[in-house]
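Paired with subunit B in one complex and with subunit C in the other, subunit A is shared by the two complexes that follow.
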Partner chain A sequence: MPRRFDQARPFLALGVALLAWLLLPALFKRFARLGIYELQAPVEVSASYVRDLQEFWSEKTRSKNELIEAARDLSRLNSAYELRLAEDGRLRAEIDRLEALLRLPSYGEFRAEPARVVRRDFTAWWQRLVIRKGGNHGLLVGSPVIYSGGLAGRISEVHATTAVVELISSPGLRLAAVFEGDDRPVSFQGGVNPPLRPAEGLLEFVPLDIFATPASPRRLVTSGLGGVYPPGLAVAEVFQLEPSTDGLFKSGRARLDPRLGRLSEVTVLVPLDGDFLPAGAPKP
Partner chain B sequence: MAYAPHSSTPDRAGSIMESHRGYDPRLWLFYGLTVLLLGTLAAGLAYQQLGRTVEHREREIVQSQRRVVVPGPRGNIFDREGRLLVGNRPRFAVTLNLDELRSEFRKEYLRIRRNYRDSGDKDLPTAAQMERIARVSVVQGYLNIVNRALGARHRVYDDILDRHYRQARILPYMLLEDISPADYARLLEQLPVTSPLQVYTASTRNYPHGTLAAHTLGYTAADDDLAVGADLPGADLTTFKMRGSIGRQGLEAALDSRLQGQAGGAIYRVDPAGYRIQPPLQKRRPVQGGDVVVSLDLDLQRAAEAQLAETGLAGAAVALDIATGEVLALVSKPDYDLNAFTPRLSHETAADIQTRGAWINRATQGLYPPGSTFKLVTAIAGLRSGHIEPDSTVECTGAYRVGGRIFVCNNHRDRGTVTLAQAIEKSCNTFFYDYGLKTGIDAIAAEARRHGMDDPTGIELPFETRGMLVPDPAWREARRQERWFPGDTANVSIGQGDLALTPLQMACFAASFARSESTTRPTLLHLADAPRLHTEPDGLTPAQRGAILAGMEAVTNTGTGRILQTPRYRVPGLRLAGKTGTAQKRTAEGTLNFAWFVGFFPIDNPQVAIAVIVEGDTPGEDVAGGRYAAPVAGAIIKAWADKTGRYGLATPPPATP
Partner chain C sequence: MNAAFRQVLALLACATGLIALLGQANHELSSFALTLSSPGLLVVYSALRLPLSRGLVVTGLTGLLLDAGAPIPFGSHALLLGLGYCALHGVRARLPREETLVGVVAAIFINLGLFVVLAFARLGELPDPGSAALRLLSDLLVSQLATALIGPWFLALQSRALELAGVAPSSLPAWSRRFG
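For the complex of A and B:
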């Protein structure tokens, strides 16, 4: 065989492989992609277990005094939460009474499914988490995901043992939010957030009579109008609003909670009746 | 291949051999021609490629680029205190980008064609018909996603989609218009960011006060031929314009150039099928039009409208700032809800407005005989010409003979000796018949013209009538070829006959008289430091003026306008000058009465002039100025006093610590 042809053989093989991939049916390719994902999922899950173990042993090195202090803090927190739970129960009962009085349909109920974070996947174009629960645990695409600071995002992919969460800092996620104390919906969308920088979101269609500055930021919460997220979950803190040139609305920027970038555990709100899911999402 | 010469043609063979050697001079000619032709081609190519580069580039751009123009929102209109009268509200819509659906259209077309072929149907649709069916099917599929999210059952209209596809496929196709904020929020959350379905926002006119000042503010209509500024790039490109709006009536029309937003737009490269290729090559956002502060006072306007509406009759009211001519209130009833015009006026609403006679702005387009309010002009004419003195009197017996005709006094009353002030207070016709005849029609008409009563006022509103009329013998002769009789002068003296004026003109007259001047140019534009008007003085001496003012003040205290002293309208300490009138107009059904009130206040420091007319709608019904028109003026006066706080505080202001 001529030497020149020998040199071109790798390129030829690559070309043939590419051609074969192009000609393969889409179904096969999708199956292959999912297969690879499911195959590597146990590795990632195992790694996360190892990380948990590592964290466990590092926690074991803490002194008894530290543990006592932490236990005291915890008990204080628990008693505060007990109080809030009691208040919450009273408010819930009042809401139920009013809903019954007005014959209003009640909000869709959610089942809370806590899940550990397996992997964080942050780029400028998407910001995702892989969590250690999936279809086997009844998770559904579109389910809202929350954490201690408010709304974290929503499930974008569900696999057998893992699921992908698209964070609210991701440009591909958009939601109808309201300013705390106001009931007019505005559009919130994740911005282009390069890694290692504080994440921001973009606001549109903000009424002209709402003001926010870095000195007096406004809190943004979910509206509950969009049919995906329950109302009142903290989304971001708006620190800049400027009137758009068309004079109709303001647009602006919002600062997201820095804890979003180092989440280790989240809770998935799995809708029980499927009303709180995007159009086209599979129903439970 | 070897050449095998034919044995029968040795000579020719030899010549061919010779030509192969290339020495034949005829070949040089052939070569030359070939080179020349190729050279011509090469030169032409070079000329096209190098010499006409700019031209070809421009043609390529024109062929492959399209401009989409988006209207800028209109500016806002505020009242003199900065309160919003006209604004914009967002209008949410769901659009579908057809250019992202090319492959789906194609797949659906192939599926439909296959189905038809499989069914063995001999009556197959044409390819164009199947493409159309495919488009509807795909678009309906997307609409169903929206339907699921909203719990609705909208469907795609084939003809509208087809027209959009053929004429403007570069523009997003409007699936749903004017959806509610709640639906908008639902779609915002449920539609993926990258979906061809998008929530689109445009602006539409919003009139927060509905019918308030409807005729003055005016309305807009859809404008398919959006004006595009010369500075927007791509003027030579094929342009698609989104629908804008244009002022059609009132201030929206008069100030359209100021209110109109600056159009924005984008230039897209398109493929041979006409679909746009994202992202745009250039983009410029639209800019909102300029805001306008008008002279209207929301409180006075609201008070006048409410009071006029209480009568249940048609009418008009005008209040002017005496010093500047700024219009504080301009009311015309019946009216219409301005929000009914956006996004478009329905046939039913248009028919209803037509039936109620609500299209006309009675303040600027309504022509009425001024009735007894014109006696003020007669009085001024008589005083200036020397025929009336401040202390002139007349013996009123309740009737007055002019030639062979008896003219009756107001209410046929026998008032005895009447002075000028009393004649104004009681609206005594006899006094003005007598002195009107002595003064003469020429002087009266000249005085009316000096006050601008035969010309439009020039207010910014469009379609102000030009049909106002101050009759005199010359006009009668020229127009009707008829003689002028003394009875005509008597009629004009009390504001009847052929006199035809608008309420706005009467308000201007009242403002001019209050300033002791002759004309007032009204304006609807507010200036914080508007200069005080200065026109020709009215030429009355203080005594003459005092006599008229005494009569006008008495009108509002004890005369025909005494309703203004009832608890509902009374403002303690505020001295008013007014004149009522009840004009008659003969119609086929009978005589209709028109109630008038003209005046100004405060007498000692005139600030606001008012003219009100209320149309009687039943022949023979007594619609008197004092009973119907004066209360409307009273409402304006009360609202003014309440907001200035300088007069008649029913409850004193809280004491400052």
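For the complex of A and C:
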């Protein structure tokens, strides 16, 4: 065999394999992807259980005094939360009354589903979490995901026992947000993830009369528009706003909470009201 | 079970292990905004030691393992790893391919090649290419360091896995080594 052909043989074989792959039906590829994912899922889930066990044994080394102090702090927190719950109930009743009085459409109801994080997958191209609950707990694609610092992202894939969360720091996620104390929506997009620093997001269509500097940053929260994300969830802290090239709006940058990079537990808000389900999701 | 099948299974098991380990490392590194990846390591053993058809099958299936968990078109990693495989397979006759150092250096070069291809193809998709380029370069640097550190171990693991399965390339008859 001529030497030149011998060197091209691997590429020829790859070309034939690629052609065969392109001719395969999409259904087969989808089935293969799901099959391979589910085959690998137990490896990741087992690793997360091992991590939890490791954490449990490290917690066991704590002294009784530390536990007593933690219990005392917890009881204080519980009393504070009880007060907040009573206030929350009163405000909810007030909202219901006003909605009925003004005939306003109500915001969707959600069921909170806490889930442990199996794996954080933060590359420059995507920022995702794999969580330890999936179709077995009724999670739906598009459901918002929150954590103690506010909005974490939304469910992008649901598998049998796991689900994938696309974080707000991911370049593929855009949402309508508002500045706290203002009701004009602005566009937020994640995707600025420099090394060794917290993730940042980009803002567009910010009204010209809004100002934010590193010395006096402004808080950005979800607008509730579109019905996917409940209103008022913290998104980011805007620290830079500059007039955009068209001069009609400002664009800027917002810093995301550093805790987003260390998440170990999140809560999925599963919509209960059929009208607030993400497009394409089956009704519960 | 025939030798080819056992060889493919043993190498896929090693690849699954490496993918899981890198996944765990990335989980811990997430707060530093750094990502480790070593596609080169997943390719070198097959490209340097296995016959063409068998090596291509192992590489393709390893690529599909990566694709299944990534939000990119299914088959993208398989194609990229396939390209790396073909490039290395084409020059392996000129290399002392039994040497561990050659395997590690080849893995580092494949990492670099795939990084350049990906960066050119997809950098424009990111909203801020300037900071994304910095991030990608940092990722490449830590990935190359990790490849240099774990490369010898992973190549030894693959050799040992094939020996345990009784299908080490050097133990197979010459016709099997040539034709798979």
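Following the convention adopted for this analysis, the second predicted complex is superposed on the first by the 252 of 284 C-alpha atoms of A that agree within 3 Å, B and C clash if a C-alpha of one lies under 4 Å from a C-alpha of the other, contacts with A are read in each partner's own complex, and residues count from 1 in each chain.
In this text, a contact is a pair of C-beta atoms (placed from the backbone, for glycine too) under 8 Å apart; a residue touches a chain by one contact, two chains touch by 3 or more.
Fair warning: this is a prediction, and the values are worked out from it, not measured in the lab.
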item: Contacts of A:P258 with subunit B and subunit C, given as first, second, both or neither; value: second
item: Subunit B versus subunit C as contact partner of A:Q40, first or second or both or neither; value: second
item: Contacts of A:R120 with subunit B and subunit C, given as first, second, both or neither; value: second
item: Contacts of A:Q189 with subunit B and subunit C, given as first, second, both or neither; value: both
item: Subunit B or subunit C, by number of subunit A residues touched; value: C
item: Partner chain in contact with A:R9 - subunit B first, subunit C second, else both or neither; value: second
item: Subunit B versus subunit C as contact partner of A:S143, first or second or both or neither; value: neither
item: First, second, both or neither for A:P171, with subunit B first and subunit C second; value: both
item: Which superposed partner A:T162 touches (first subunit B, second subunit C, both, neither); value: neither
item: Interface residues of subunit A shared between complexes with subunit B and subunit C; value: 171-172, 189
item: Subunit A partner contacts - residues on subunit B that touch it in the complex; value: 72-73, 75-76, 88, 90, 145-146, 148-149, 181-182, 184-186, 188-194, 201, 203, 261, 264, 285-288
item: In the complex with subunit C, residue positions of subunit A that touch it; value: 7-11, 13-14, 17-18, 21, 29-30, 32-34, 36-37, 40, 43-44, 47, 119-126, 128, 156, 164, 166, 171-172, 189, 191-200, 202, 258, 261-262
item: Residue ranges of subunit C in contact with subunit A within the complex; value: 16, 19-20, 23-24, 26-27, 30-35, 37, 52-53, 56, 60, 64-65, 67-72, 74-75, 78-79, 82-83, 85-86, 89-91, 122, 125-128, 131-132, 134-136, 138-139
item: Contact footprint of subunit B on subunit A as seen in their complex; value: 171-176, 184-185, 187, 189, 205, 223, 225-229, 244-249, 278-280
